[in-house]
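Note that chain A is present in both complexes that follow, paired respectively with chain B and with chain C.
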Partner chain A sequence: MKFSVGSFKRYWVALLIIFLFVAPLFVITNPFYLHIIIMMCINIMMSASMWLLATTGLISFGQAGFMFIGAMTSTLLVKELGWPFWVCIPLAGIVPALVSIPVGRLCIRIKGVYFFLVTMAFGELVRGIFAYFRTPFGGWYGIRHIPPPEPHSLFTPLNKVPFYYLGMVLTLVTCWVIYRISRSRIGMTLWSIRESDMLADSIGVNVKKYKLQAFVIAGFFAGIAGTYYAHYFCYISPLVFTFSMSLNTLIYIVVGGLWSFSGPIVGAAVLTLVPEFFRATGVYQMLIFGLILVFTMLFIPRGIVGLLGERVFPLLRQKGERTKITD
Partner chain B sequence: MGLLEIKGLTKTFGGLLAVNDLTLEIHKGEIFGLIGPNGAGKTTVFNLISGMLPCTGGKVSYDGHNITGLNMYQIARKGLVRTFQLPTLFNNFTVLKNMLMGMHLHAEVGLWRTLLDTSYTDSLESEILARADGILQEVGLADRKDELASNLPHGHRRILQVAISLGCEPGLLLLDEPMTGMNVREVEEMMGLIRKLRENRGISFVIVEHNIRAVMGLCGRIAVLNFGKKIAEGTPAEISQNEAVIQAYLGGSL
Partner chain C sequence: MSEQLFIQMCITGIVMGLIYILIALGITLIFGVMRIVNFVHGEMTMLSAFSMYYLFEVWHMNFILALLLSVIAISLMGIFFQRYIYKPLGYDILNVMIIAAGASIALKSAGWIIFGPVPRDIATVFPGMIRVLGTPLSMERAAVALICVGLTIALYIFLLKTKTGKSMRAVEQDSEAAAVLGVSIDRVHAIVFVIGCSLAAVAGALVGMLFAVEPEMGGEPLLKSFMIILIGGMGSIPGAIVAGLLLGLIDSFTETLLGGEMAFIIGFALLMLILIIRPKGFFGYEI
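After this line comes the complex of A and B, so read on.
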């Protein structure tokens, strides 16, 4: 029987998605578990969008800033202006995307470590601005009593299941878009910029345009993750969307693997889930997080997915089937 | 009127005058050689022409258009492509994928189209794939197309460099030391490839090269640079007799 990794992956992914949609009805009824999966959704949205930018070679440390802008946009529109949540979701992506255009234009001129620092500065700038103005941004106290999505009878604080399904849908849309882009000509061009932006430039690639495009897309989906966060937790403040959150997103990508799309997904899922097993250890919970990161950097630099791709899948493959590294 | 006209090209890096008032004209169908000792400014000239560095002074025009001050990708779109001194490739891509990237100018698709119009992108990509295969056949790399570029031996990397630049359908190729690090047989192959490309595709060439036998055998005209200044220009026979050139570069009679 011929075994193909591609169809194996597709089959299991489809199965997983179906399971996740059906699970809350029968299998996973404990609200704590649902909460973990909701957190996974948020983290996956963040890491997948940041990953697309990272394929260009740009590691942005300001993603939490865009997430905050998205959260603030829909919070203010719903709370102050009374707009319906469902209208505000796309706006929560569009506003940070618009902000990311001039920010990106400035940052993209710079490379490497300096880009990282400038985007980190941006993240802190967003926090600073929202923290400084008590009205309308809530200052350091943040904004409480953020209404959940309509219908309010469905999205009550007691029932996580509708939030679960909303999260699944948002995550699937995010992943579909990022996946399609990464597998397209645009995605290949973004990788080529990471490989050698000089060579890409010399064959007609408008490097700045592509970098900016990835930057804006990352900002858009960070905003969507932000609005989902805001209307689930019903509270946002500058203490939430910190540099730490951007760092965590990067760690998800590093541990999962930069080299393929499933990397950030697996990384976010694993690093949301595994620390939960150690919750009982109390203060040592984050230790496991750090240990996983160090272990990854030392022994599996291509991440979990890279390890699977290089060691596990070839064992399952039939002889004679070609292996492509970057695919 | 020449294909590439360079008038008074000058470049200073702070106090260092790297290119000093260079004037050249490259005709269509030529293979033009640019030689000179190390540090003479040859690669800097390429960087200036191709838009990688801004000029301090002078004017460059290609095919009648003024390209001074344009970005590298804009100049590539007009048909002027350069290769790099080091074998610059997309190392983690396969040979075929490198070639597919080379076809970028013909394969660009906007974001919305990419997400929504799969039939268009699929048919475009298969057309691009066919053309990429064709170019790899032409340069002789077709049998290695699924290999990682980083695994290629040096000679094949150079050829792949040229192949990638062919994807842009250039009218003029600036080759920066294409034969460095090659043995005699590989040099012959590269020379044959350059001649073939000129004949079949009508591409003109400007070649920076240190391999004098290759330069003399390949080029119709040669310019010699020393300390950023053009010290001689002419046919290979004229250059090999030129006193100034012999003194500066060849270090003795040929």
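After this line comes the complex of A and C, so read on.
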């Protein structure tokens, strides 16, 4: 768990960010490519936030539920009450975070496979409740015609450039916050819990408190990703935020590699490209993703970043055994 | 609520519960002996139902022969998963669960691509009606219930009386000690997978007979059997039987009285509640 970020790496990251900010002006002008990058932003936000939780050894399958709560919060506030979008963005993070405190408190006590099942049940429960109440939540049909962010003259459905910049800023903020957390004392504690929570407990780490913090942070950023999704696609429904969406997020992390922060980002970016360029949507996308997950776990257990680190860049080599999500 | 409706709901619940028990027994057996969760079980029931549909309904094969062929095919699939997918991961429970979730979603999408979304029907093999407590019950459901009860009893006797069953229980209690005493662990693992997947295959054929055959049909029985296992405890067969009947009844009552959407919510709420109140079930092991 050594993050060997030298000045070399930092330089490239800065260059990449500058390139991405200037790109829509010169290089990436095709709306299709902009759409792909916007999808990437959503997926990176999801997988980065889930990665923080996964560093403690907890695999949550309820992230789509928190995403749905965030999307629903801002949709209802903007559409029904006419609140400005910019006020709703933080609220769309805060509401899922508030929901995640009691849910997390109950779920954190449960370990391993049972945590996986309880979070899956939570995600489906959120879907079921939103689908049951037709009046505010739209039932199974969902909510259409969600207004785009203000100013409306800039954020039109055909002009993807402002959405691109919005997504880029949100993603960078998400990644920066999560990176700082993972490098801070809290992040180190989370890794120590992953290694052995009993050992961490024995040296005085409040395991439940730290796990709950990671759970709440993951819920917060999932909510932010959800609101961005809602206002970009102008449509949300229980058929969008399904179990497959949470599973996809896990696949991004596993394929990218769990061992470093670049893993979820690389995994989400690469796997967003796969369905878009092969024109594989719906069931074909799920087929490809399922097979990719199986083959990655069998043959590249440390993910793309781990593989690059071992084989391609000996510079970035890190110590570690096979990827074990937890033990 | 009339008396007739009450009896009807009880019978529907018990029949559903018996089918769920059959699926849950496979999962719980595999968990008990190998300490892994076979998440692909639902897709195995789906594939078995489709193979029954093609062999029996489309190609007009003999019913018993078709069932036998589906069971063999699904067992081979189970052995493949055990040997080439779960074993390389060292039977680590969480990694196995994740890889199986990936395999399950791949199989389900393959089902969508190959078979399409149109629900199919398998014609009944047991025509006719009988009356139970004055309520009409189709022969088909009665036969399904009898098959489930028969298989459950057979499994129980197999585990208690035969040598293979005893070696399986030995591995369940302590696999290292069993290996020292000359039980071939690999062989026991393969047999467990064959039995578990055969149960899933039979359950798939029965579900296909009672309801529509479609690619999504594996999801709900899988979820229900997880709930059964969580109530009854992982690895506990009597627990699974009690919990299965209970869940079938709850299911039937909520669905009839409150509607499908509310039953969906109640099902998941119940699952969360069970996990939160008692994470290791009421008779099960700690993981």
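Simple rule for what comes next: the second predicted complex is superposed on the first by the 297 of 327 C-alpha atoms of A that agree within 3 Å, B and C clash if a C-alpha of one lies under 4 Å from a C-alpha of the other, contacts with A are read in each partner's own complex, and residues count from 1 in each chain.
Going forward, a contact is a pair of C-beta atoms (placed from the backbone, for glycine too) under 8 Å apart; a residue touches a chain by one contact, two chains touch by 3 or more.
Keep in mind the model is a prediction, meaning the values are calculated, not measured.
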| item | value |
| --- | --- |
| Greater residue coverage of chain A in the superposed arrangement, chain B or chain C | C |
| Partner chain(s) touched by A:V254 [first = chain B, second = chain C, both, neither] | second |
| Partner chain in contact with A:F277 - chain B first, chain C second, else both or neither | neither |
| Which of chain B and chain C A:V118 touches, first, second, both or neither | second |
| First (chain B), second (chain C), both or neither touched by A:M188 | first |
| Chain B versus chain C as contact partner of A:F19, first or second or both or neither | neither |
| First (chain B), second (chain C), both or neither touched by A:Y11 | neither |
| Partner chain(s) touched by A:L298 [first = chain B, second = chain C, both, neither] | second |
| Touching partner for A:F32 - first (chain B), second (chain C), both, neither | neither |
| Set intersection of chain A contacts, chain C complex versus chain B complex | 324-326 |
| For the chain A and chain C complex, residues of the former touching the latter | 59, 106-107, 109-114, 116-118, 121-122, 124-125, 128-129, 131-132, 244, 247, 250-251, 254, 283-284, 286-287, 289-294, 297-298, 324-327 |
| Residue ranges of chain B touching chain A (in the complex, touch as defined) | 50, 52, 71-73, 76-77, 81-84, 88-94, 97, 100-102, 104-105, 107-109, 111, 114-115, 121, 125, 146, 148, 164-165, 167-168 |
| Residues of chain A defined as touching chain B within the complex | 177, 180-181, 184-186, 188-189, 191-192, 195-196, 198-207, 213, 322, 324-326 |
| Contact set on chain C toward chain A in their complex | 37, 85, 88-89, 92-95, 97-99, 101-110, 112-113, 226, 230, 261-262, 264-265, 268-269, 271-272, 275-276, 279-280, 287 |
